[in-house]
Amino acid sequence: MSPVRIGVMGCGRIGRMHAELISWQVPNAEVAAVYDVVDDASAELAKELGVRQAAEPAEILESDDVDAVAICTSTHTHIDLLVAAADTGKAAFVEKPLALNLADVDRGIAAAEAAGVPVQVGFNRRFDPSHRYVRDRVAAGDLGDVHLVRISSRDPEPPPLMYLDQSGGIFCDMTIHDFDMIRYITGSEVTEVYATGAVLVDDAIGEVGDLDTAVIVCHHENGAISAIDNSRQAVYGYDQRVEAFGSAGMSASENPLTATAVTRTADGAHGPTLPYFFLDRYIPSYLAEWDAFTAMMQGAPSPVTLADGRAPLVIGLAAWRSVHERRPVRTDEIG
Amino acid sequence: MSPVRIGVMGCGRIGRMHAELISWQVPNAEVAAVYDVVDDASAELAKELGVRQAAEPAEILESDDVDAVAICTSTHTHIDLLVAAADTGKAAFVEKPLALNLADVDRGIAAAEAAGVPVQVGFNRRFDPSHRYVRDRVAAGDLGDVHLVRISSRDPEPPPLMYLDQSGGIFCDMTIHDFDMIRYITGSEVTEVYATGAVLVDDAIGEVGDLDTAVIVCHHENGAISAIDNSRQAVYGYDQRVEAFGSAGMSASENPLTATAVTRTADGAHGPTLPYFFLDRYIPSYLAEWDAFTAMMQGAPSPVTLADGRAPLVIGLAAWRSVHERRPVRTDEIG
Amino acid sequence: MSPVRIGVMGCGRIGRMHAELISWQVPNAEVAAVYDVVDDASAELAKELGVRQAAEPAEILESDDVDAVAICTSTHTHIDLLVAAADTGKAAFVEKPLALNLADVDRGIAAAEAAGVPVQVGFNRRFDPSHRYVRDRVAAGDLGDVHLVRISSRDPEPPPLMYLDQSGGIFCDMTIHDFDMIRYITGSEVTEVYATGAVLVDDAIGEVGDLDTAVIVCHHENGAISAIDNSRQAVYGYDQRVEAFGSAGMSASENPLTATAVTRTADGAHGPTLPYFFLDRYIPSYLAEWDAFTAMMQGAPSPVTLADGRAPLVIGLAAWRSVHERRPVRTDEIG
Amino acid sequence: MSPVRIGVMGCGRIGRMHAELISWQVPNAEVAAVYDVVDDASAELAKELGVRQAAEPAEILESDDVDAVAICTSTHTHIDLLVAAADTGKAAFVEKPLALNLADVDRGIAAAEAAGVPVQVGFNRRFDPSHRYVRDRVAAGDLGDVHLVRISSRDPEPPPLMYLDQSGGIFCDMTIHDFDMIRYITGSEVTEVYATGAVLVDDAIGEVGDLDTAVIVCHHENGAISAIDNSRQAVYGYDQRVEAFGSAGMSASENPLTATAVTRTADGAHGPTLPYFFLDRYIPSYLAEWDAFTAMMQGAPSPVTLADGRAPLVIGLAAWRSVHERRPVRTDEIG
């Protein structure tokens, strides 16, 4: 096959990472052009990769040498770009979250369905080998019926306040990965959400109405219960663990370490830290995500559909309502 | 010092275990007499240990050669025996839970306080070396301010239905250990409880109004949040993990294994199971519990006071109300 | 069955440990009497256990209420006591090493065989659950043909020099456990030994002609090779690991920890130490050893025969010759 | 800085890997041209990377747009190419082993010294984060004086017999990495070698005079002892462990896993395999190796000098003599 030619939109941290991975480590894809609302950002990346800089999204969307777009811009622009991609018949990779309101999401879904273009949403953690190992045990029936899923998902440090303010808050920005994960692990939709939290890391986070510490409990259609805990600041690194428990056993994805080594002295054992953040932990998942994208371009079903992008947003919105109304909230109250 | 002479009341599984440990492995204690409402049970144990069989509790309580009683009978008899011990000036070890209602507990507390006898409640897990390691890290400040506590506490198999029926249900029988643990780890009282659960293991458990699978979220006075998950049936063994997360780091107590060994073949890694149940896992904690008891008899403060026995019952009752009313419940609603 | 009545000879550290374990934790055995060449030592232990103090070995050997003797005295007295036990028809448990020369060992074997008394040698590590796990994998064929065995066996601190001087040196005192282990794991005799070492811990050890650091390589009849490393001083605790590698896989016995816990901070991971020494690590193996002894008294074959006691001494003597002559030495050069 | 322009000589498995890594993942280096004695091999790689195919080494060596050569050809051609590089003033990266005889190595060293070109030998394992962690503990003094180094180094499957035949045998082809590692870890030269082994994997390996299973014991100048075990066939994957033990503690580099996950069922624990071979395990070390190379090109000292390439060959040759003469061999007997 000839490589999938991808136009990367958004050259911030995550867009740049995708563009570099596609260029250097994804055998069946290449970057055709890059765009960013900030000219300097796209210019720098274009130069680094030796690819075309697009001055406008349209230069990518209307180009014959682009097969697909990677939408890595600010969240509020995702759907407009997705709709534009659909309108020009381009396949799309869209970063999470799709949007912060369901009306936008549904507009994007309608456009993509009407155009029939393949779309993959950027829930990369599904492709992490250890998380996937847990899900494969569930899917293979090794754990019997799933009763409980338990996730710890903790960032090493909070994002800038300016970012937080437009992020949709912890549940739509950060926990949304975990909401995707519990659907992925259980293979079952969430019916009810109870969320609670606190501001323990930084008062400024509370002042914009957000939380930095949270626990969320979800019930699933199949009877399983999921418990998620989040923190915006784990000083020891990026703590990402997933566990499924069922009638026939349990399976757990533990953290990798920066080195698999240990020292023992009279004072006890000492060992290396966790990977610092997603660039240290999740590169293999991003590569597998792009391999899946190229397979989708060859006709395989989308590994993370727009419906998979919508459902966690519903859960995230239900979580916020749960916090505000101090009660469990059914997802069908949200939409 | 001469050994503490203990009269063991209740010769069921847990009473027998305590009596054997005291006889054989606790340097500063010995069993003086044993009593059980079932004559054969006490006769058998008395013979095994070469000690006196008491026909009535009074034979122990009024005996000059007994310094303390170990109350290991059915839960509903704990308080009457505690009060009787206080009235006769005997120190007491009381198994958990103290009772299933606060009026009884408060009656026991009043009697013990009036008599001034030392009392220790049987929350043995505080003495587990790994759980204690976590608590010591918190107490030493190594983790900074505690933000989250996470406990998985799963039994290998449900108790008999007849037992369940009088047990106070999962929250007062099983989770009560975890409610004690979160107080022990955080050093902070619980202010609010949200509990939810399901019947996924055995429908008969649901038919007596109980749950077999549960998730409980607690807020503490100091701002920390605790998340507990329970199952009555972990087919892979007795799964007992405790984790504390704070501003300066985390600490986790992981399961011990029946053997610290691993096999690697072309099919992957293979290893031994978890300990099957509390007799396999927690013997070191029971021994340390009795060492602490003998220290208390020498004048040290009680390591697990009656107040420590009361608080988890309040949380357990709040958890049941939370399930029934489908809302977070403040502990001060309970008492 | 009625309990096996055991006369314990030698009330030093190891004899006392055996006596206490037998008294308190071995269901089918009891201590009938204790003897030590130092009267005070046996008096103290007799009082602690409430058993008879024997003034002479003969008081035990000729007693009708003794079924078996536990020979835990100084090494040079083992064989005379074993012969005396055989002559009086007593079964025997004999601590390792049987003796420091083969003539003595063979005299003991002849006496025991002539008398037909059951004898078990005190290679307790065979009963450690993790080491046993590895051996069971080999015996079950899970590893295919064994190619390599690898042992690290390191003490936390050297014994007193006075002890060292009569110990037979590192190979006959310490490595002898590992020589037993490689026979146990492989099920195959050692044909050739290469040993080398150094004095790195304490010059005084070298001054008595001993080594404190050693590496030994053995060839087995079945083609497997074993590599052992020893140190008299591992400041981080008692390091005891065994690994078998074969055509179908590998299996490893790793160290247990004093607590199965970990702490993670910005500085990395921190954890508890290893058990300090054999009393912390190997109690379960000693208990299983005594359970096996009581089974032997019921007619089961000896789990560690006198031949199993002899073979490691041959290897140990070959190791010393290898060091002195700086060449691999065949075990049939020794005897 | 402008990227280091590298001419890759040898487009077999290892040369191709280096060329791809340099092209895609080494920020400060790029491939300028590729050469292989087999035209098709270099043509295919040149096309893949979009770089020049050289028909002869001279086309690379005499080119102005090449700063350095990566010598990844068959071992017997390494030194001639190194000398040619030196003669044309090119820096060089040379794969291990430098050669199979010391005369050749010394000729290469003389040429490089005369020309003053920077040279780095391809002992990539020095750059593995876990092995490096162990070495850093030693270098920092955390372990005190080093007493023992222990390495298990096992390949998943033997190379083709045709390759074996010209490889220098297990000690010069495979163990040579471990001989480098013990020098790297201890910082001390090897003075004496005892090697022994067996043919347990494949009789054909024995028929060409080689071994497939080996144990090697080395003494170092500083008194430390190293013990290495090797196998050509570990069916469970690429088993690569390094451990240092000293007066103040120990440090161990354990195997990474393909996924950091575990499953627990009633049958015990189950987990993923080891990485299959060096391409799965050691990519991070190869990348760090090239980062070090680019630093050397900026003036940093060579991280793996020609002297570091020579010493392990001496040890390997001593190991072969030890096997043939069945005795410990001093390295100064070799050269």
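Think of it as A, B, C and D in the order they're written, each chain with its own count starting at 1.
Following the convention adopted for this analysis, contacts are C-beta pairs under 8 Å (C-beta built on N, C-alpha and C of every residue); 3 or more make two chains touch, one makes a residue touch a chain.
Note that the coordinates shown come from a computational prediction; the quantities given were computed from them, not determined experimentally.
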(message) Based on mean C-alpha positions, I'd like to know which chain lies farthest from subunit A.
(response) C
(request) Between A-C and A-D, name the chain pair that shares the greater number of C-beta pairs in contact. (result) A-D
(message) As a quick test, compute the distance in whole Å between the mean CA positions of subunit A and subunit D.
(response) 39
(request) Can you check how far apart subunit A and subunit C are, centre to centre, with Cα atoms defining each centre and the answer in Å? (result) 56
(request) Find every residue in subunit C that makes contact with two or more other chains and list them. (result) 235-236, 239, 248-250, 262, 264-266, 272
(request) Could you pull out which subunit B residues touch subunit D in their complex? (result) 235-237, 239, 257, 262, 264-274
(message) Which stretch or stretches of subunit D touch subunit C in the complex?
(response) 145, 147-148, 150, 152, 154, 194, 196-198, 200-201, 213, 215, 217, 219, 223-225, 227, 229, 231, 233-236, 239, 245, 247-250, 326-328
(request) In the complex, go through subunit D and note every residue touching subunit A. (result) 23-25, 129-130, 132-134, 137, 142-143, 248-256, 258-266, 272
